[in-house]
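Here chain A shows up in two complexes: once beside chain B, once beside chain C.
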Partner chain A sequence: MSLLVGAWTVGLILSLLALGVFISFRVFKFPDITTEGSITVGAATAAVLLVKGVPAPLATIAGAVAGAIAGALTGVLHTKFGINGLLSGIIVMTALYSVNLRIMGQSNIPLLNVPTLATDAEHLGRALFGVESIAILSWSLAVRDALTLLLSVVTIVLIGTSLYLFLRTHLGTAMRSTGDNDQMMRALGVNVGNMLILGLALANGLVGLSGALLAQYQGFADVQMGIGMVVWGLASVIIGEALVGTQQLGYVVVAAVMGSVLFRLLVAVALRAGLSPNDLKLITAGFVFAALVLPNAVKGLRSAGGRQHA
Partner chain B sequence: MWEAVRRLSLGALLIAAVSLVLLLSDRGRGPQRSGTRKIWKVHILELVSAVDSEDTERGMREGLASRLSEGRDYTVTVRNAQGDMPTLSSLVDAAVSEGADLIMTLSTPTLQAAVQRVKTTPIVFSFSSNPIGAGAGSSYDDHLPNVTGVPTMSAYDDVMGLIRELMPQAHRLGTLVVPSEVNSVFNTKIAVDVGARHGFEFSILPVNTSSDVGDATLALLAQHPDAICQVGSNLTIAGFASIVRPSQQAHVPVFGFLSSDAKNGAVAVAARDYHESGREAGVLAARIIQGESPAAIPFHEVQGARVIVNVGAARLAGIEIPDALRRRAAQVLE
Partner chain C sequence: MLEARAIAKTFHGGTANEVRALRGVDLELEAGSFVIVIGMNGSGKSTLLNAVAGTFFVDSGTIRLAGHDVTGWPEHKRARFIGRVFQNPFSGTAADMSIAENLALAARRGKVRGLSWALPRRFRGTLQECVRSLGMGLEDRLDNAIGSLSGGQRQALTLLMATWVKPELLLLDEHTAALDPKSAEQVIRLSEEVIARDRLTTLMVTHSMQQATALGDRLIMMYQGRVLHDFRGAEKQRLRPEDLLARFEEVRRTEQLDESAANMLRRMYV
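Here is the complex of A and B:
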């Protein structure tokens, strides 16, 4: 059962990244490449602090803050220096590569023997159940894994809800409107530049948090862990949108999480199926394609079924 | 309300369906058949597809086959994350859920992901030069009870000896380092230490992408090293030709640590190959299958090295290969 639980956990952790990508790419329509660096900066910051003995929750938050700073920097480059959005993200991402190496002092930090949120979950599980693993029918599940999953669910629900509520406040609405029509917002007297900086800080803060959690779950931070992340985050967002078929705020937030979980589950199925390892990426691409096409096919079936809804 | 159910149903349904597939595939494996011999399921886990990891994998298979017979004693399954680190933990979970009896890892992050998630199943690593730094133990003898393996250490002494033999006057060596590869940084540090013992001083320049290798080599040559002694890394293995070309134009000989380096134009190498360390790891795995406990097997570096000389490259650099070296070399490329 650990395969299922593991895939769910990674999917939930990376759904924070998907939410970050959603904010920059969808809410602000800003092609933010910073993500690839900010997930690593979150992981690196958290890892270094954990090794120094900082309590896990604090180290995790520090990882998120580090990501937010990176995002804000991209926003500043774009708005204050007039650098093209894509380029300012590339500049910050490139710089972060060295910054991450500086933060960690090496390219990889193991977290095997330091207390992390994962070991906290383990202790909590042992205190609650008093056993290492529980058996459900013919499946056995390590309490540690179960608690980690539970912790991830709680985190995502909390953060997803706060994000939803935040985007409905005055400030959040102004942010969304900035993405939709910045000229209109400028005319209304809103400082569009500051909105973007704040938005990118929020987006990359979520990405950094995702990195900090991923490092603790996997047991190491590595300078190369951000490679390809923007693409998969974007894929999760788009899969999710295709599934719910609407742009309404609440649904889209849930959809991004669903997209990310579904994506990781599909990767796990591909791995479990024991196909030739060389085909993995081809199969993943096939899955993404199917997830994008399926909703329309289902819609087609429904209308062909005769019952038309208004 | 119904709107919400309708909107979210498709996604929820898909997630539930895929979860169910995974759950069923993960069902209890059933009791071991008694009476019949146990066939060990060996799972090889890799992070990337690259020339040297393929070499290692081939070595692992040969090492296993040198003591046991595939199909009768063990089966091999290979999984590869294709460079995506978040996939690593799923990779380990997939192996565990398929009932892996022994896990072999390539690369440091793969070893870390496995060690984090697997506490009892034996793990044999290779293709990682610094298992201590990765957290697999506190020394080569004192390590996690279910982990053992073959740290991939290049033949520093042998290569430095070769350079000294061919270039008695040499003092300054140059190498490119890849800061993002933990092995490259670690190996370079050792090369500098060992080099100092042989009376060499190193000029080191960082390189981050394969397209930078040529330019970085030119910058390195501008510091007038007597020879390039390229420490192994994924990036420079692939881009070795870009190191050799400008060096040959500047008549600076290139030395390396891998047999592929000699084929790509290095004057001489003392190779302790990934293939060889993979083979040793395969033998360790076979010993565990035959009943030894990984806890009692210390981490074990490959010994010895194959000297390969490239006469053509030596001539271009103005170096004469002495007959004694020709005879000693495992391979002479003309």
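Here is the complex of A and C:
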């Protein structure tokens, strides 16, 4: 049970990463690798501030801001200096590795003895229930885990709704159409370069926030924690789109969240069944490859079959 | 309204592919005039429109628009004054977004895009009325993605978008060239209507001699990056497609003459 609750919580926290990947890859069609550095910079910033005694909500927001700055930097490299998009992300991501080590002063910061959002949740739970664990359907569940999950749900619902509403404002609509047709948007008076910078800041802000929350949930920030996160986010987005579809804007936001949770649950079950954690990234990459190639392959087979019949 | 002075533009300068697309064009448009631009492929018609729109900066010369020197302004800043319809129906609309959203985007041309709703309820009534005026039955499909529409429908919507906020200058770049004859006729009729109704200053490039003679109050013919002929007033009204074809034939003969002269010189001296 606690394994499942943990998978849900991590899935929800990483759904912020999925939303960030959705904005850069889907809305802007920009292959943004900054993600791998910005999740770590979010975690590192939050962790260092927490150790220094900064209140957890403030430290979390600072993590998001750090991620946003990283994203904006990638946007500036691409639009103002004309560097290829993929390369801009790689440059910033590489630089962030050193920056993260500088921020943390070491490669790993444990958060076991400092107050975090997770311990806040624990205190809140004790105050509410007055016990260490509660029974749900004969399973005993630690109050700390239950409250962390609840807080994650509330956070994701709030952020997902805000993002959905933002994308329907004049600014948000302009952002979506910039990714769709930038020539048209220039003709309609939009500075598409600045729009991309703003969009990447938003995307990586969400990723940074995800990192800050993840560090607090798992109890440490680590300089390696960003590796493979782009593919992880893409896998979540793809699963979500397959489940929910992309017909409406609301669906797309829900899809990213659902995809992330489901993917995390699948991984938890697979690990439980004996999958080696070392193979996880290989399998994730293989999954994304299949998800990208199979729909076209199936389409190709179908049209080939159609031709034979005709 | 528009005042272009000696504008010149060379692409791929200094390479084997060097193209001198504009070689000193002077053009002045009075407010409310409807000017047709014709010319053979590579004569610089589209380059002229793009130079005015700010797709690139000119190498020399100045462009003034609505009282501002816009020579150094980027494209998105000039868009405050300019409405545009492109040749490619895919260029003027965002395919993944709905008809309503596309129009909402156009309604903010040259304005700040803030955090208010792009599609408030009271805006939908206005939208429906304007889209109905196109006479294409699209008013009931406002939430459909633009990508599901035909080229003619997309071009009609692009025209509506370009003129939603009344532009100081309307640029039409062969906007019916990619359409079937029936849609082309429909889009031309809509263009005429909106230009007459709002008395829009218009610069329209076309390949159709029929459109060139039937529309507009002035016609310029471009050749090798320069304005070759400028017909106005009664002279423009008298023009027939045959007259224009005769002018093109003249140009072609001059070109041939140049070529045969060059060949003759080559034989003699090389």
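What to note about this one:
We take it that the second predicted complex is superposed on the first by the 272 of 310 C-alpha atoms of A that agree within 3 Å, B and C clash if a C-alpha of one lies under 4 Å from a C-alpha of the other, contacts with A are read in each partner's own complex, and residues count from 1 in each chain.
Keep this in mind: a residue touches a chain if its C-beta (ideal position, glycine included) is under 8 Å from a C-beta of that chain, and two chains touch if they have at least 3 such contacts.
Everything numeric in this text was worked out from a predicted model, so none of it was measured.
Of the two partner chains placed by superposition, only chain B is touched by A:V261; chain C is not. In the superposed pair of complexes, A:F166 makes contact with chain C only, with no contact to chain B. In the superposed model, A:P31 makes contact with neither chain B nor chain C. In the overlay built on the shared chain, the residue A:N181 is in contact with chain C alone; chain B does not reach it. Once the two complexes are overlaid on the shared chain, A:L101 sits against chain B while remaining clear of chain C.
Looking at the shared chain after the overlay, A:G219 reaches chain B, while chain C stays out of its contact range.
When the two complexes are overlaid on their common chain A, residue A:V192 makes contact with chain C while staying clear of chain B.
In the superposed model, A:G228 lies in contact with chain B only, and not with chain C. Across the two superposed structures, the residue set of chain A contacted by chain B and also by chain C is empty. For chain C in complex with chain A, the touching residues are 53, 74-77, 79-80, 82, 84, 86, 90-97, 101-102, 104-106, 108-111, 113-119, 161-162.
Of all residues in chain A, only 166, 168-174, 176-177, 180-181, 183-192 touch chain C in the complex they form.
Here chain A touches chain B in the complex through residues 1-4, 6-8, 10, 14, 97-98, 101, 106-108, 110-113, 138-140, 214, 217-220, 222-225, 227-228, 232, 240, 243-246, 251, 254-255, 258-259, 261-262, 264-269, 271-272, 274, 277-278, 280-281, 291, 294-295, 298, going by the rule given at the top.
Residue ranges on chain B touching chain A, taken from their complex, read 4, 7-8, 10-12, 14-15, 18-19, 21-23, 25-28, 46, 49, 77-91, 93-94, 96-98, 108-109, 112-113, 115-117, 133-135, 179-182, 185, 208.
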